[in-house]
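Take a look at the following structure, please.
Should a chain be cited, it is by its letter among A, B, C and D, assigned in written order, with residues numbered from 1 in that chain.
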């Protein structure tokens, strides 16, 4: 039940890591669950708390909180994009 | 009371001339008057008759039928433009 | 010089680069290139000759550019229109607009093209297998210009 | 290849020419070049670094191009987006769209830019006299994308 989590831009700077390998705990079934679980780490991880302006991708496509998370997935969290 | 009249594109081909020097007859005071006067030449000049899709310019700006015509003016008649 | 009417081809990359050259406030350059197509109204086109009204052409293009600059906050506008004989694939027209933001640059570029199509005195004579014929104005061009909310081209006697 | 994500600069003239090269049915090429400005939100910008999400970037740009090709009849679409450190005046992004007529080319080009601004995973870190800071997303970009009538970018937890 391993997944890879990536962090980008200001969110990466805040949480202090670009990626981590993560063993999915029971009860974490969706992107929204995962985000809440990470926010519960507290302190700097508060940047992922509900209400913060964070976007997510699952396997390199934009994801909704209800999207499922499964073994081998690549989940990314980042601030709203500012390209172009 | 001389003016210059220019004809372009298909209209020039139809009337058989690109330009003419023209002495304004009395009673021809506007672009619309001039067009009607030319159409009255009959035959191929019917291409300028009312109802035909002809545009006009006075001194190199798009003109309306009511615009005045005076000495030294350059009046042009042509079909709708098809540039670009 | 923002308007050129010429027989010669032009360098699109150089024209676009010139619009922002040395102007670090420019964030957006929208541009358009019009080309001769090998079909027109279903008929095959071997070549076309673009006729124009020297003097009035430059004046009408400058009027169009001036109107665009009144409507939007722009850093630069460039219009090049060719005349003479052109073959399929040849460039006909270039419009480039530089501004701080993309919304204004896109809007002004499309505005200039729409007006140019209905107000600049150019006429196309197409060579097809059936012979040469003058292209009729397209109603869609008039309606494209009309959506900008100013008067359409005046029509004497219509 | 219609999408490139690269550090290197690109040749705008060559990219625009390639969109119609050997395609005599193309009558219109609309294009856009985005550049680094020397100001942002009132602050002076010395340089910026564009970060992206390798893999997802290419995929999202290809999705955007695919969506444009479904919506309009197009002959070609090209998107180039740079990443890494860029200075004021440097090109950031190119979008070029070729089609038979200008209306479709303009609409598709603006559509791709609006979506790219809200959906492609790029982030700008600006260097100013006050230090480096990440640029916040502009609400106007979301509303520009929203006017195309599809869902906006999903926001988990919002």
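The definition used in the following text is that contacts are C-beta pairs under 8 Å (C-beta built on N, C-alpha and C of every residue); 3 or more make two chains touch, one makes a residue touch a chain.
By chain, UniProt protein names: A, B = Molybdopterin synthase sulfur carrier subunit; C, D = Molybdopterin synthase catalytic subunit.
As the structure is a computational prediction, the values presented were derived from the model and not from experiment.
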Going by C-alpha centroids, which chain is farthest from chain D? Tell me that one.
-> B
What whole-number Å value describes the gap between the mean CA coordinates of chain B and chain C?
-> 25
Taking each chain's centre as its mean C-alpha position, how far apart are chain A and chain B in Å?
-> 72
Centre-to-centre distance between chain C and chain A (centres being mean Cα positions), rounded to whole Å = 49
Hey, what residues on chain D touch two or more of the other chains?
-> 34, 102, 113
Among the residues of chain B, which are close enough to touch at least two other chains?
-> 84
Hey, which chains are touching each other here?
-> A-D, B-C, C-D
Over in the complex, which chain D residues touch chain A? Could you list them?
-> 34, 50-53, 55-56, 59-60, 63, 81, 92-93, 113, 116-125, 134-138, 153-158
The chain A residues in contact with chain D across the complex are 6, 8-10, 13, 31-32, 35-36, 50-57, 60-65, 76, 78-84
Listed in rising order, chain C residues that touch chain D in their complex are 11-14, 16-17, 20, 22, 24-39, 88-89, 100, 102-103, 105-106, 109-110, 113, 140, 144
